[in-house]
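So that you can tell them apart, the chains are marked A, B, C, D, E and F in the order they are listed, and the count of residues begins at 1 in each.
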Amino acid sequence: MHPITAVRVNGLPCKAANEVVAEDFFFSGLHMAGNTANKQGSAVTAVNVAQISGLNTMGISLVRIDYAPNGLNPPHTHPRSTEILTVLEGCLHVGFVTSNPENRHFTKVLAKGDVFVFPKGLVHYQFNNGNTHAVAIAALSSQNPGVITVANAVFGSEPAISDDVITKAFQVEKNTVDWIQAQF
Amino acid sequence: MHPITAVRVNGLPCKAANEVVAEDFFFSGLHMAGNTANKQGSAVTAVNVAQISGLNTMGISLVRIDYAPNGLNPPHTHPRSTEILTVLEGCLHVGFVTSNPENRHFTKVLAKGDVFVFPKGLVHYQFNNGNTHAVAIAALSSQNPGVITVANAVFGSEPAISDDVITKAFQVEKNTVDWIQAQF
Amino acid sequence: MHPITAVRVNGLPCKAANEVVAEDFFFSGLHMAGNTANKQGSAVTAVNVAQISGLNTMGISLVRIDYAPNGLNPPHTHPRSTEILTVLEGCLHVGFVTSNPENRHFTKVLAKGDVFVFPKGLVHYQFNNGNTHAVAIAALSSQNPGVITVANAVFGSEPAISDDVITKAFQVEKNTVDWIQAQF
Amino acid sequence: MHPITAVRVNGLPCKAANEVVAEDFFFSGLHMAGNTANKQGSAVTAVNVAQISGLNTMGISLVRIDYAPNGLNPPHTHPRSTEILTVLEGCLHVGFVTSNPENRHFTKVLAKGDVFVFPKGLVHYQFNNGNTHAVAIAALSSQNPGVITVANAVFGSEPAISDDVITKAFQVEKNTVDWIQAQF
Amino acid sequence: MHPITAVRVNGLPCKAANEVVAEDFFFSGLHMAGNTANKQGSAVTAVNVAQISGLNTMGISLVRIDYAPNGLNPPHTHPRSTEILTVLEGCLHVGFVTSNPENRHFTKVLAKGDVFVFPKGLVHYQFNNGNTHAVAIAALSSQNPGVITVANAVFGSEPAISDDVITKAFQVEKNTVDWIQAQF
Amino acid sequence: MHPITAVRVNGLPCKAANEVVAEDFFFSGLHMAGNTANKQGSAVTAVNVAQISGLNTMGISLVRIDYAPNGLNPPHTHPRSTEILTVLEGCLHVGFVTSNPENRHFTKVLAKGDVFVFPKGLVHYQFNNGNTHAVAIAALSSQNPGVITVANAVFGSEPAISDDVITKAFQVEKNTVDWIQAQF
C-alpha cells in the first residue's frame, strides 16, 4: 500500500490520489476469533493504519479482543489514544487507574451490550472472570495508538531494565525480579 | 451528569474530579436492536458524550446501526469526524464520494467481519440489499461527531430552503421539489 | 513549486528554506470576474495551497465567488473548514443548515459590506436573487478545505450511486432520479 | 451575545443552542472605509470573535485595511495566526521577515487582485507608496488572532520598558529612546 | 488565582484580562532541594498549572527532580506529554522502553549538562547510581502532564486491582503480589 | 541524523524505527557557559530538533541562556511557542508586553530558583542588571520554536526594510534609522 518505503515522515507517505482504490479503506476478518492459547488467555486483532492504509491521518482505529475463561488483557496504556469498548459476548471485569497522587481505581462488570471508556493514557485492563469465552470490540482515537503492556515494558524489555531499578521501584527482592523477568 | 447547566463552553463543563464515578464512563444496551420500522428501514443507536459524560474531550464515540432488509443509512456526513465500521451480522453495500471535482464513488460489499473507513467529512451511506437483518458497529473520531443527513438538510430543514435554490441546485422542477420536501 | 512530485505526505513536501522566494507566497488575478456562464450561474476562483505553495501547513485560504443574476453557489460543505464571507458587490441570500435532528436553517440577506459565517462542515449556499452581478470574497480555515457540492456528490458521482439508494434516501421514483442524474 | 460574563474559559462561553440566531453569525459595514487620519495613515476594521460571537472556536476571522497615500500598516505580528491578504483598490508594497538567524526580508509590490501570505507569527507590514487610497481584505487563521505592533509593544508599553533595555537592544542613545517613546 | 471554583471546564477557567498580574506567571523556590528521605530516594518539585495559573492553555511546564545516592525516579509515564531533561548536578542512568511488540529499552548515562528526551507516553525512569546527590530540571509538553507511576498504579491503586489480575499479568504467585501491594 | 535530505515535509523526515538509537534522543554540553562577549552581552545555547533529531513532532525544546553583567536577551518573540524560564544563577529583570491595544508590560525581578512564563507569541526580554554572571534554563512548547529578535527583524533584515517604512513606524528621522540599521 505504501510503495515509497524509503521515506518516513510524521505518519506515513500517501499514495497519489488517482491510484487510491476502495481496498485501501478495507479490511476483512474481524469476525474471526483470535487465538487465546497463551499465558494471558487473550488475543487482540488490530485494525489500524498498519492494516488499512486509508486510515493514515484519520485519527481512529479498531480492535477485536477475545478472552478465554480467566483470560486477561493485562494492564496497559495507549500512549496516543483514548479507548471505548463494547462487549459482544460474555462478561468482563474491567478497570482503569487514575494518575498520581490519587491512583483511583474505577471498575465495572460489563455484560453484553455494555460500553466503557478508558481515558487517554491511563493504565487499564479487562478480565474475563466468567466460564465462557468473551468478545469485545474497541475503538481507539488514533490510527496508530500504540500499546504499552506494563509487565512487558517493565519486566520484558530488550535489554532488561537493571535489577537495581526494578527492585527499588517495586520494593521486591532481586530473585523475585529475576523470576518475573524470566516469564517475559 | 452535568450539573452546571447554565454555563456552556467549548465542549461541556466537567464534574469536580472527586465526584467522578465509574458510571460516568459507562453505557448499557448496545446489544439491543434499534427500531427499523421507519421509511429508511434503519436505526442508529449513538453512544457519544450525550450518553457518556466521561467522553468529554476524549475524541471518540461509538454507534450501533441496525438495518432491515432493504434498509438504508442514507447519504450523510459527519462534520467533525472520520468513521470506521465493522459488520456484525448480515451484508451491506457501502460507499463514499470524494470532494469536487472528481466526485469519485468508492464502494464495497461488506460481509460479516469486514471493516470499512469513511474519511472525514465525506458523503457516505450503507445499504442492506440482502434478505436478512444486518447490524454494524461504527466508531467516530469525535465525542460529538454530528450527523448531517443530506436529504434532511437539503429537503427537510426548518424553515425550508427556497424552491429557487433547490430547483437550481438539483436542476429539477418546482413540483418535484415540493413533492420531495413533503416527505421530510 | 513542489519539485519532489514522487513523494506525497500528509500535506505536501516543502522546498528547501534557502530556495524559497517571494513568489511562493503570491497569487495574481483575484480582481478578475470568474465565468458565470454555466447552469448554476456562479464561479469560484480558489487561492489555496494548489495556487500558493507557501500556504502549506498555514491553515487558511481565500476564494472569490462571482454570481450572475439568479446565480447560485449551490448547497455544499467543506469537510475541513469554516468559512467567513463578505459581499463586495450586489446582494446575496445566504443560509446554512445545522446537523440532525434539528436541521435548523439560518438565513440572512447580505448587502455590500456584510459578513457571514458558515460553521465548520455544515451545508450552506449563496443565492443572488437580485438583478445585478454579485461578488464575494470568502476565507476558509484550511489551506486545502475541499468542496463537496451536495448535488454533485449524490447525483453526479463517478460511478453513480445506485437507484436503490437514491430513491430511498430522497423518497422519489426511479425515473426522477434518472432525470436528475442526467443533469450532472 | 455572551450573557454569562462572570465566567471566562479557554475562548468564550457559548450560548445555549436553542437561543442561537442568524445575527450571531453576522456583521455589517465592511464596505465602509476606516478613518486613516492618524500618524500611520492606515486603519484596520476587524471582524473577529469580538464582533461575531458565532466565530467562537471556528479558527478564522477577517479584517479590512484602509491606507491613505503614504499610509503604513506598521511592522507587527499576530501571535496566533497566519494572514492572507488581497488588494481591492490601489497598490501596496508589502513584506515579511523570517526568524533568526537569516532575517530574510521577502517583499512584493501588490496591485489590485494580487494575493500575499504572511506566515504565522512573522513580522510583516504593508505600505501604500502610491498616490491614491488603497484597500485590502485579509483573513487570519484564528477567531482571536491578536496584534502586536512592534513599535507599540517596544516603545509604547504601559509601563514603559526601561531605557537600559531599549538602548541596548536597539544600540541607540537614551535621548533617542526617550524621543521615540514620547511618540507612542 | 482561580476564584470561580464552581465551574470546571476543559482545563481551567481564566481570570478577567484586566485582573491579571505578573504574579500569575510566577513561581519561587525551584532552587530548593526536594526531600529525598523516602523509599525511592527521589523528590519531584512540579511547576505546572496548579502552581502557575498563567500556564493555563500554554502547553508547557517544568519540574525539578532531586535524587539521593541510589535514588530512583521510578518507571512512570506522562499520559499527556513528552519530557526533555537536563542534569544540573551528579550523574544519572536513564532509560525508556518503546511500545509493543519490540519493547526496546533505550538507555544512556547522563553527566552534568547532558540532555535526554523521553517520548510522549512511554515508560521511563532515572536512577542515580553515583555516590553524590543529583539534580535535574525537566520540561513537559503540557501545563497539566499527569504522572502515572507504574508501581503505584498497578500495586497501589485505591481500591486494589484484584489478585487474579495481578498474578496473571505479572506471572507471580498471590503471596508475592500481596507482599508488593503492602509496600504501596 | 536525517539521511533523506532531499525531501522536506511538514517537520522533518524520520529514520526507520529499527535504525533509531539512544543518541537520537541525546545532547551534551548544556552545562557550558555560552560566549557573552557580544554587543548584547548574552548567549543562547539551543537544544531543539536541529540538535536532537528525536524531538521531531514532540512539541518541546530547551535553551540555556547566559548573561554577562548588564547582559540583555533583547526583546523577541517565538512565533510557535510559549516559554517557561528558571534562573540557575544570578538575578534577572524580565518582562513581556501584551498585544494591542493595551500593550500592558508585566515585569518581575527573578532570583535564583524563580520561574516565569512568557505567553505564546508575545514580545519578551531578560536583562541582567546585577553585577554577576547570570544563567537561566528555559523550555519552549515546540521542537522548532523559532526566534524573532525585534531589532534584528526590523533593523537588520536582509535586504533592509525601506526607510519610508521604518521612519513612519517608529516616528524617527531617516538618519536615526540609518544609524540604527548600521548596528545590525
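The working rule: contacts are C-beta pairs under 8 Å (C-beta built on N, C-alpha and C of every residue); 3 or more make two chains touch, one makes a residue touch a chain.
To keep track of the chains, here are their UniProt names: A, B, C, D, E, F = Germin-like protein.
All of these numbers come straight from a predicted model, not from anything done at the bench.
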Report task. Farthest from chain D by Cα centre, which chain is it? Let me know. Result -> A
Report summary line: For the copies chain E and chain F, the interface residues, called same if over half of the numbers are used by both and different if under half, are same
Query raised in the report: Just how much do you need to spin chain C so its Cα atoms sit on those of chain F, in degrees to the nearest 5?
Result: 120
**Report entry** Identity of the chain that, by mean CA position, is farthest from chain F
**Finding:** B
Query raised in the report: Taking each chain's centre as the mean position of its Cα atoms, how many Å separate chain D from chain E?
Result: 41
Report task. Starting from the mean Cα coordinates of chain A and chain B, work out the distance between those two points in Å. Result -> 27
Query raised in the report: Can you give the whole-Å distance between the Cα centres of chain B and chain F?
Result: 48
Report task. Indicate the residues of chain B shared as contacts by at least two other chains. Result -> 7, 9-10, 102, 107, 120
Query raised in the report: Once bound in the complex, which stretches of chain F touch chain D?
Result: 39-41, 70, 72, 74-75, 77-80, 93, 95, 97, 99-100, 102-105, 107, 120-123, 125, 127, 129, 146-162, 164-165, 168-172, 176, 179-180, 183-184
Query raised in the report: Which of the residues in chain B come into contact with chain A in the complex?
Result: 17, 20-22, 25-32, 47, 52, 54-55, 58-62, 81-84, 86-88, 102, 106-108, 111-120, 137, 139-141
